[in-house]
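Chains: A, B, C, D and E, in written order; residue numbering restarts at 1 for each.
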Amino acid sequence: MPDYPIYRDPPEQCRTPDAEERSLWGRTLERIADHCRARSLFVLHYCTGCGAIELPPSMTSRFDLERVGMQPMVTPRQADLLLITGYLSVKTLKRVILTYEQMQGPKYVMGFGSCTINGGMYWNSYATVKRLDQYLPVDMYIAGCMPRPEAIQQAFLQLMEKIDSGRAQNWKEYYRRYDHYLGEQQALFGEQFHTPTDVIGEARHYSLFGPETLGEHTAKLAKYDLYHPGQGAVDALEVKR
Amino acid sequence: MSIALQLLLMPLAAFLVGLAMVLMMRKVRASVERRIGPPWYQPLFDIYKLFAKDTQISHGVMHDVAIMMVLGGIICVVLFLPVPGMSGLSAKGDLITLLYLMMVPSLGMALGVGQTANPNGSIGIARALTAMAGYEIPFFICVAGAALHYGTTDLNQILTIQQHGGHLEHWGIVQMPLLAVAALFAVHAMLGKEPFEIYVAPAEIATGPMVEMSGKYLGTLFVMQCFQLFTVSVLYTTLFLGGGFSWFTLLLKAFAVVFISVLVTNVYPRYRTDDVLRWQWKWPTGIALLGLGMVMLQIGR
Amino acid sequence: MSKSLPTPLEGVFRRVPGVRWRQQAERHLRVELSEAENLPALLALLKGEAGYRHLSAISCVDWPDADEFELVYHLDSYTTQVLISAHIRLPAAPGRYVSVSGLYRPAGFFERDIHEMFGVQFEGALDLRPFILTEWGGPPPMRKSFDTEGYVRDHYQWVDYGPEWLAELEKRGGGIVE
Amino acid sequence: MNAFDLLLYLALATLLPSLLAPKGRSGGMLTTLAYLLQVWLLFSLLPSVSQGGSVAACLEFAAFGHTIGWQLNGFGWFFALITAVSALIASAYATGGWERQCDHASRLHSLMALNVLAMYLLLGAADLISLFIGWELVSWAGFLLMAAPGGQSVQAALRYLIYALAGALALLTAIVLIEQSSGTIQLDALRGALASLPDGLSWVVLALVFVGFGVKLAMPPFHLWQAPAYGYADGPAAAFLGAISSRMGLFGLCLVLVQMVGLERLVGLALPFSFFDAQSLLAWAAAITLIVPTYIALTQNDARLLLAWHGIGQGGFMLLGLMLGNDLGTAGGLLHVLNHASYQAPLFLAVTAVVYRTGTADLDRLGGLIARMPWAYVTLLLGIIGLAGLPPMNGFVSKWLIYKGLLDAQMPLLFVAAVIGTLGTILSVYKLIHNIFLGQLRAEHREVTDAPWGMTGPMLLIAGFAFISGMLPGLGLYLVEPAAAALGLPMPSFDLSAIHAPNGALDMLVVVSALIGAIGFGALLFLNAGRSYRTQPLDNYAGGHFLTAQTRYQYSHHFYAGLLRVIGPWMRPWLVALEQGSGHFLDLASAASRGLYYHNGLRFLVFGTVVGLLWLLIVV
Amino acid sequence: MHPDHYRHTELPPSTEYELYFGPNHPGIEGNYALKARLAGDTVVALEADGGYLHRGFEKLMEQRLWIQNIALVPRICVPDPVPMEETYARAVETLGGLEVPERAQWLRMLVLEMSRLTAHLFYFGGHAATVGLYTNMFWGVSDRDRLLDCFEQLTGARVYHMYITPGGVRRDTPPGFLDSLSEVLDYVEGRLPKFDDLFFDNAVLVRRATGTGTMDQAFAIDYGVTGPNLRATGLAHDLRRDYPYLKYAEVEFDVITETAGDAYARTLVRRGEVIESLRILRQVIDKLRSVPGPIRCPLPNPLAWRIPAGDAYTRTESSKGELAYYIVSDGSAKPWRVHVRGPSQMHAVQTLEALCVGARIEDVAQIMFSLDACPPEVDR
């Protein structure tokens, strides 16, 4: 049993320091940006599980999520919002982690359905992971199996509100606590697990470095030479499957 | 108006009009699909959000330079396109220059996408260039016909000829109806709408050129879409619809051109790459050649 | 047991030794082969002479008490329209059998599936590379000996759901009865 | 002794260093210096050749009752300048590093010098005989240069030789015919002299001249030899040949068609039973030269062949412009000769730099080199923008002139043909740069670096010139002016940056500044919009999969599959069969001639002479 | 020539390259992956890669009571869940010797056909989206929503209804349900001409779908293709008619066939089946107005329900093809073994791999959607 609750509010230090460092002009721009971000959510088109079946109804004519500025996007690069639509098999989780890391911040993760919270009805399945926020920082959960379009909309609206008010900063936590998340991932996939993305380099580049960005788990990445992408890296980047 | 002010105002106006055109496009699409569609600020918010992304991925110098080329190229094109009250630099470069300048952002995008080293992107570019070979041929036939008809390639002169007397009879579409029709087909393909949307084709190549574009890179492509809608529709208006005496008439005509295009696009699937060529080389090209023949006869007489 | 057997089947069953059949349900024959190695011959005859061109499924059942795997081949014919389920049993120890994918292409998928879920080896199969469990390190999960709850406990964390009303229900002797 | 004499002697002397110092780089350096001197000499000739003047060489002799001599006018001077500069760049490039990998560097230098000398002799011809002498020298020198690397290049060069022999014979016949009909061989005296020939004879002369010079221009149906012959030549030699060599054909063609026959006569020379006159026929031949090789280039998988095929196509552009006879067309056609040389040379040199480092020009075995060879990329990029004719490069200016000329001449269909050619060019140059420099970096090229500065410098220099002369097209047009004057063709009014036309002008300085300014604005916007992180190539979208170094995901082969599905069938059935058939025939003929040549040189000479005499007998 | 920095390696030229379709790709139905090896724009080889949706259903069902499994089975195939419930329930009934009351049988047919309708409407949208006709997707999905409302009215859930239980159904029709359903059916029928205009008669679609992913009848039978995909090759085989279950023998309907066997034929077959489903539904509604009776047979304490030992193999014609459950009971409170045979197991792996060879990039997604492959059925 983990000793922290499933829902964790974003740590305060994630947002405030940079907000205070910024000038009035910078804060105003950031405020406008948050406003725009909330009203222009690009959802990644990745049907990770069966919850995806209620997305087309939410997106299309009847509920029309474009009314609130959401539209599906194809590749992780373009998207802001990753929907984990239900249970995650181990095989999918690997892809989801890569996909998440390939998304560009600010990025948000939404867990769909009970199975992302505690495994749901697949609690004793050998193939699915039970808790999503063990591996990725999650911004919003929708309970239920299967969540109804109304619930989905409600969650989206709440997420938008959270973004608008500047509280949806969990994506920074992934950089700040990368060692923790990597450790959880390695525990599941094996010690040699790594993605071709350079999370640590990005954290350094964007000043998102935190006390837990580096640690014993990230030390294992050293041999893949991810910190200095270039000459040798291409050789080593090979995922054991 | 001083030229410096014009150089500032022309891109700004083009951008704003382009935003409105994108909004109209999305609204029309929504109503065809029986839904409400985005709020009025949506295109602007999308672009602002993309430019305000905190992290973004670059695949190399060319990827960055490409974005600058795209932004610069589209702005530069607008400077050569006369609009009511502002002729910009259009006296220094004519229709052919304009059409060639329009290829600069495309080239920039092609190079940038190439550096992202994604096969989807490369296929997308290969398809886009192929489609270009498809629609540019009829379009250039129309341009040749129009240039012969007006006896000039200077856009200001073309506008003067058409607006002479303020009657419809001098409009390109009245004088050269076949060319105007063919050019409309080509313009539709130039805007990359279904059934000629092969180079984006999300279900096949995952949006092709845009596949590795994040944040401001993608935002630039959104901006490019705004400018492209403006440029193409205003160019068509200038060549065939008599341009505009005022901004109101110009926008009325330009929006009508885009409206026809977006109305058609929503009821067609996309053709395969080779079918795009076959279609473009059959119908618009054939009509354009007929129209060209008529222009030749007129000139000969 | 049943009397009304379509004519081609009668002959086919007679020509393969060790075939016992009975009507399991309406238009569903259950065929048991005492010798597992006779199955390909039976399938070949069924396909060739009785028009059984459709292999509906191959099911595998683990019988750990007998140390056996049971393979069930479900066949259908678009002409006679009588379903046939042919049962064979294999010793679990080597867990080997011959592939029938040369006869029925769909067998390729089912054999691949059974191979990764039960660990049964099919000789001459089209493709036995993992399909679903490509990133799986454990034993074949569908075997009865595989303890899925134990595996889950070892590999995943989950939040226990123990509301008070359930505890009370259990105290009163409710809940799941074995 | 005037500057032209000096030039010829210097060109002869340029042969020496590489012959005398076959080892080491001093020979190459001296050769390069000699080319530099030649360029300087040519510029010093500019005042005397402009305004239709000319400079006669003191070298002359008498034969066949005529005085054979050499005299350089503005037209020849224009081509000679391009020749000298191309040779200078190629030689500097070779000396700068390329020859380190080459076991026959001195042979290359001396053969290139021989080529330059031969071209001077051709370009400075004062009469038909010296023209023929120069022509033959150019052919043979070209052959030797093409065949220098050995191997498959010899085969290609022999193919060229077969064509060149046939062309030479046709030319000889034409010369005899002209001499017979006009009674003189002096080019000055022949100016407009052929305008009064009867129709039938005019057609014969035209056909013979077309064959004779068209072979060098590789106009269809004589297009088969050039691409392999240039493509497989040594890199610097390929750049030199590609930049200028086949323009000699254009020179000859213009000499006869424009100077002797005159475009007015061509217009009046109607092809019986058709709408065509000789001018439009030639223009259409030029358009076909523009389109067919360009779309053949699209299907090439070897970077050098692709470029060589484009060289043929661009020749069509030049001829098209010159056949128009109006001011814009003339300026465009001649300017395109200069502009083409200025981007074709860097293109070949950049590709050669890639071959120098990677050992291959196979477009399926390259990719992603932009990270490793950025300067070669820049060169190639500037080159392809020029070749595709997009602003801001100079290729755009000459193409713009030709387009405008076509519209002014009311030839919209030829305009469309030119556009079709340009579209094909854009397509294939993107394939070229994509397959070499963009996309996935191959594992074996991970440690490749840019070519040494000795190579990179010259190619960047000439590419830079292509950009500058695009921004200031007046630079090139000043050089074109004497040529047009010598031909007696009109020129548009222009200044350093702009070309004036009443119905649509072009001010490249404004266009380029606007473009650069706008790109600068874009850069400001880009740089202020939040930082980006440079990631490594495997961090890439693959549908959620993990890419590995072993995955081959470079899309290079069959790049325009969709397009080729449509135009492939048009090419395939008869055209390819014909091409292959004639190609095989040529190979057979060249093999036979090689056999003869290798086994008994004397017998080969006798054989060649007999064939030539037979030909003369039949014709005359 | 021996360049300075040239290191000789044996890397082959990139005449062939790899392109990954999925799992994160809009051209993929669900969470599934296709690895294509391409030459130019032509597929040289295609490898299906499944297991992204693997939850180990068959194992899970061995761990749960007979009655608990009702909650699991619909989740095996999301777009068309009702046949899963029906097949499972019928297998349990066969094993346990349960008799389903007549009204329950009609109710089951009602939800089965409604589910087929929703699946086919979804299919129209999906197929259209792969070729870029998004309007059709919006229309199809929103029209499907009307049927989901009916489901909600009847079962209380939109997607996972868990309506069919062994021995009957969970609840009877609420008042006014049949009328509102009839209205929806009329609405859907009225929409069909619009779909014809937009989709089936669209010249561009016909151009794209004709001749794409063509299989002949022998190929289809050889690869175990079933359902509408098989009927599109001209073989009139339908389990509802050939092995009638429930009351299918008592309703009138036609088995729709096409002969071309390409993507367009498969779409047309489904369009025909929509009409047939409407026909069946109307007959069922009429019956439901007249047939009274209980809606399920009496069951023992479901938490201690033991099923006699034995095995059963039951098949249902789902919207995608032949769906079958093989259930073995050892007489305990839980199934000993459940094997799910989904039609997509045949369509999405071997058939798709074979059909895509020689196809073009443009058509891969279309071929997959036109087979109506459902990955969760494959992965279970």
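The rule we apply is simple: a contact is a pair of C-beta atoms (placed from the backbone, for glycine too) under 8 Å apart; a residue touches a chain by one contact, two chains touch by 3 or more.
Fair warning: this is a prediction, and the values are worked out from it, not measured in the lab.
Enquirer: Enumerate, in label order, the chains that touch chain B and chain D alike.
Expert: A, E
Enquirer: Give the chains in contact with both chain C and chain E, ordered by label.
Expert: Touches both chain C and chain E: A.
Enquirer: Counting hops between chains that touch, how far apart are chain A and chain B?
Expert: Step count on the best path from chain A to chain B: 1.
Enquirer: Based on CA centres, what chain would you say lies at the far end from chain B?
Expert: Most remote chain from chain B, centroid-wise, comes out as C.
Enquirer: With chain centres defined as mean CA positions, report which chain is farthest from chain D.
Expert: Here the answer is chain C, farthest from chain D.
Enquirer: Chain with the smallest distance from its CA centroid to the overall CA centroid?
Expert: If we average C-alpha coordinates per chain, B lands closest to the whole-structure average.
Enquirer: Taking each chain's centre as its mean C-alpha position, how far apart are chain B and chain C in Å?
Expert: 61
Enquirer: In whole angstrom, how far does the Cα centroid of chain D sit from the Cα centroid of chain E?
Expert: 63
Enquirer: Determine the centre-to-centre distance between chain B and chain E, using the mean Cα coordinates as centres, and give it in whole Å.
Expert: Distance between chain centres, rounded to whole Å: 43 Å.
Enquirer: Just how far, in Å, is the C-alpha centre of chain E from the one of chain A?
Expert: Whole-Å distance between the two chain centres: 32.
Enquirer: Can you list the chain E residues in contact with two or more other chains?
Expert: 17-19, 23-26, 41, 51, 54, 56, 59-60, 63, 138-139, 142, 360, 379
Enquirer: Two or more other chains touching the same residue: where does that happen in chain C?
Expert: 133-135, 141, 146, 148-149
Enquirer: Spell out, as numbers or ranges, the residues of chain B touching 2 or more other chains.
Expert: 33-35, 52-57, 119-120, 123, 198, 202, 206, 211-212, 215, 272-273
Enquirer: According to the definition already given, which pairs of chains are in contact?
Expert: Every touching chain pair, ordered by label, is A-B, A-C, A-D, A-E, B-D, B-E, C-E, D-E.
Enquirer: What part of chain E is in contact with chain D in the complex they form?
Expert: 1-9, 11-25, 28, 33, 35, 38-42, 360
Enquirer: Going by the contact rule at the top, pick out the chain E residues touching chain A in the complex.
Expert: 23-26, 30-31, 51-56, 59-60, 63, 71-72, 75, 78-79, 122, 125, 137-139, 141-142, 144-145, 148, 157-160, 376, 379
Enquirer: Going by the contact rule set out above, which residues of chain B touch chain D in the complex?
Expert: Listed in rising order, the residues of chain B that touch chain D are 11, 51-62, 64, 67-73, 75-76, 79-80, 89, 91-97, 100-101, 103-104, 107, 110-111, 114-120, 122-123, 125-127, 129-130, 132-133, 136-137, 140-141, 144-145, 147-148, 151-154, 157, 198, 206, 211-212, 215-217, 219-220, 272-274, 276-278, 281, 292, 295-296, 299.
Enquirer: Could you list, by residue number, the parts of chain C that touch chain A in their complex?
Expert: 133-138, 141, 146, 148-149, 151-152, 155-161
Enquirer: Where on chain A does chain C make contact in their complex?
Expert: So the residues of chain A in touch with chain C come to 1-2, 6, 90-91, 94, 117-119, 123-127, 129-131, 134, 188-190, 241.
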